[in-house]
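In the two complexes below, chain A is the common chain; its partner is chain B in one and chain C in the other.
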Partner chain A sequence: MEMMNTNYALEVENVSKNYADFSLDNVSFRIEKGMVMGLVGENGAGKTTIIKLILNAMERTGGDIRILGMDNIKEELEAKERIGYVSDDDFLLVNSNIKKYARAFAHVYKNWDQELFEKYAKMWKLPPKKRFSEYSKGMKTKAMLALALAHHPDMLILDEPTAGLDPVARIEVLDILREIVEEGERAVLFSTHITGDLDKIADSVTVLIDGKVTESMAIDQIEDKYAVIAGSLTSLDSLNTKLCIGIRRGTQNFEALTERKNLDRFKGVSVHTPNIENLLTFSIWGHRDEIVELGGENNNG
Partner chain B sequence: MAKVKEQVKYNPKWSDVKRVNRARMDIVGRTSIVFTILFGVFLLLTTGVMLFSVFDDAKEFFEDGFQSVASIAFGGIFMALAIFAINSTLPFMRMAKNIEKQKAMLGGCVNIYETFMSMPIRKVSLFRQSFMYYCFILFVEIVPSIILNIIILLNPELRFAGGMVTIITIAAVAFSVIMYSAVFGIFGKSKVYTGVLIVFYILWMGSIFGFFDKFVMAKPLCAVAGIPCICFAVIGIIAVIAIEKLYIEKREMNAPWYFKEEKNV
Partner chain C sequence: MNIIISHTSAKPLYEQIEDGIRKAIYEGEFKNGDMLPSVRQLAKDLNVSAITTKRAYIDLEHEGFVYTVSGKGTFVRLDKLAQLQDNRLLEALEKLRICTEECQKAGAEKNQIVEIIENIYNDEGKELWK
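The block that comes next holds the complex of A and B.
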């Protein structure tokens, strides 16, 4: 694929990273400007590794990464000037406070907007002089969001921002993210294993399983391309089983994800519209060649 | 009328190193400044007392023996090392094998490093900022030993103390070069860094308890005090600066931020 298209906020092209016991295998996806992409996968699928590669924290084995048309290594400074990053593991020094961090950010970012930062801090009730050790996990996430947004980034990279949050904090953070996304000004890469977080936020989704991208598509296309089918086990035979992306099977019934073009190969099944969670979970089971029992254990298929 | 505090703004005239240093100071706050002043005062006292004693009555100073001279010298080095550790933006990565262990052991400096990683800052600027403070160690360690050698050179009556001055010079140069190599990633292994610190403490304590007193009287050691030791010290300083400018800064110019890579998904 041709690179350097400035209509894209992020272009990840055939990126590989090899470890002794894990590898990212030719990962490719693109995010258009102003669009929100969910990067979904189970824990250990390689989501954080991709983000660390985008930030030039790790050395890639192969491939290219462009942020807003800029090479993420050769033009690292210019690219990072336009990125806002929120980590799953907060990088806030426990003895410090958000006021001190804001001063540091103001020294480093050309476009730092102190008024905007103070607006967010006030709106999200972040005490400026309170130590981070006294902040809750939700407050720390909001603090990182305020710091990430106050220099007017064109792109946000969110690495599991809702991981470890209690339900109330998670809803609050998601509400904030929805507001940010609704502005529609910036592209967002939202990595998560909680697919429900992406509802009403994401425009597209990339599914990552064991270091490989199994699907990267617009949310609207999921229901156009796939369907969840449910029915009696008698509806399954050796031929149509192979057409399932993943199967969840009970003693008498089953659920499966398949492409809509194959629906006529399944008789007597009910057809449902899939969501992101269906796409992820059935893809994982299918990738591992497992047939998962409804409410039971996994069987190697 | 209430005093209005001026809002911090990006200053395009600042160098990257100054920017990194100020950002680090902003994040850490007064704590690092207070400790730097504290260790700095102790450092000035130890080094100042040593130099004052030498200039006041060099013979009496050297006759006190290796125990007192070495304990003052090692004490000064320790203070300088503490000032470096407090102010460096390098997280002493090699003390732990991977980023998770680094975070667990060294939360503070690793957190600052991770913050900088996501910001428009070059990794090499952190090395330059840290090297600025390392030069302080280099200065505090090696310059006093050069002064001691000059005094022996100027006063042949003090040649009897040449052994202790030679040992102090060798220890200072060796410690500076090895510590630099460990912290700035020449060796790349955590055990080298730990080993250097252990050897440093053994030498320090050994000198305080007088284990090396007889050894320092050896004639070959007395003979090389003076010009050979000064040359050795100067070569040590030049070597560290050359490695920094010609190797480390080139290596880190576009290098990825994480030093050690293990599975981190």
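The block that comes next holds the complex of A and C.
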């Protein structure tokens, strides 16, 4: 029997989901209260599937999910009261408006804060009675954010929230997320492929490739563990190539992600600390190379 | 406090922040007990995640440069700096002792050694050997 650990806002343990053509394979990660976690991966890696499983919007094949210590299925209603969610495709009905949505949300959520909602709507210049069909993509995203934030959620789940936003609005959203986690009680799960936003705000990151978590750790630990190296292809040999998580080869030069502990195996290379984009892209390239190499071996055998 | 962050450095961001704070302490920007910006505020100012600034403060605390009072904030500690400066001076004096002995072994008289030091002090050391 596992103990409930309330230091975590979200616990995803060995979660699987099998489809005919894709599966989410034993996905595990945890978000501490007060933290922002980035969930990164290519389109189709399974980011939205995980989020739908957290929200119990689809049935999982296996595993456990706890939101603020509560089972996401057995205690679904209590858990959902404390979740704020922004979807990547907008759920807003074209003929409706934000005022009507706010009225509906006020009935659903006990903690609905009309004043806070109006503050966001005003700040983001969202006309209350204008039909959503006349809203731009950015306005719709801001409308969903205002609706998601106005009941003071403790766990905010955002699926590509900044994708449709202009640069200034993106910075505003990041600042709001900082405020949300400031007191150390609330947490954010932020799924995106705009990794630059995560470099500014994420405390930890989970990398998802083809339905599997390849890494999930705090940003400072990633900086401790990994390095990006660059140099001439002559610096690579059959031994140290195996120490690269992923390599991008040019005609003369290469760039690669490796672990810092292996740096002395590479001569004459430049070194820099990886950002989240480096971690993601080199992990993807490494994964593809493995597939290519395996395919080659099979052909030979 | 002027912390400069490079995203193309081999150093992790948190180490760069530590360097910036240490430099400010060395350069006398703080009085003993001065409060540093909060973890969140510094993260916002530098546009980095809070875990990065938190790690920097934790490391500096382990080194003895700052201390944290929970619920109040993180404060500069100058006794560590004084101690470091003492250690640095002791190390330098030890080097000077070794050098002096080397000079003696090489046949230099006391007045010559004193003259050499004076010349070095006046930045004329190089000319002495011309």
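Here is the rule we use: the second predicted complex is superposed on the first by the 264 of 301 C-alpha atoms of A that agree within 3 Å, B and C clash if a C-alpha of one lies under 4 Å from a C-alpha of the other, contacts with A are read in each partner's own complex, and residues count from 1 in each chain.
Keep this in mind: contacts are C-beta pairs under 8 Å (C-beta built on N, C-alpha and C of every residue); 3 or more make two chains touch, one makes a residue touch a chain.
Nothing here was measured: the structure is a model prediction, and the numbers come from that model.
Asker: Mind checking the superposed model to see whether chain B and chain C fit together on chain A or clash?
Answerer: When both complexes are placed onto chain A, chain B and chain C end up side by side without any clash.
Asker: See if chain A has more residues touched by chain B or by chain C, and give me that chain.
Answerer: B
Asker: Touching A:His272 in the superposition: chain B (first), chain C (second), both, neither?
Answerer: second
Asker: For A:Glu182 in the superposed arrangement: first (chain B), second (chain C), both or neither?
Answerer: In the superposition, A:Glu182 touches chain C alone.
Asker: May I ask you to decide whether A:Lys74 touches chain B, chain C, both, or neither, giving the answer as first, second, both or neither?
Answerer: First partner only, chain B.
Asker: In the combined three-chain superposition, what is the angle centred on chain A between chain B and chain C, taking C-alpha centres, to the nearest 10 degrees?
Answerer: In the superposed arrangement it comes to 160 degrees.
Asker: Let me test your reading of the model: by the given contact rule, A:Ser204 touches which partner, first (chain B), second (chain C), both or neither?
Answerer: second
Asker: Just checking: does A:Gln114 make contact with chain B only, chain C only, both, or neither of them? Give me first, second, both or neither.
Answerer: A:Gln114: touches chain B, not chain C.
Asker: Taking the superposition on A as described, I'd like to know which of chain B and chain C A:Ala227 touches: first, second, both or neither.
Answerer: After superposition on chain A, A:Ala227 lies in contact with chain C alone.
Asker: When the two structures are overlaid on chain A, which partner does A:Val36 contact: first (chain B), second (chain C), both, or neither?
Answerer: second
Asker: Quick check on the superposed model: minimum Cα to Cα separation from chain B to chain C, whole Å please.
Answerer: Checking C-alpha atoms only, chain B sits 28 Å from chain C at its nearest point.
Asker: Touching residues of chain A toward chain C in the complex: what are they?
Answerer: Against chain C, the touching part of chain A is residues 34-36, 175, 178, 181-182, 199-204, 218-220, 223-224, 227, 270-273, 275.
Asker: For chain C, which residues are in contact with chain A within the complex?
Answerer: 7-14, 40, 43-44, 47-52, 55
Asker: Residues of chain A touching chain B in their complex?
Answerer: 19-22, 44-49, 52, 55-59, 73-74, 76-78, 80-81, 83, 85, 87, 89, 91-96, 100-110, 112, 114
Asker: Which bits of chain B are touching chain A when the two form their complex?
Answerer: Chain B residues touching chain A: 7-12, 14, 19, 22-24, 26-29, 31, 103, 107-108, 111-112, 114-115, 117-122, 254-258, 261-265.
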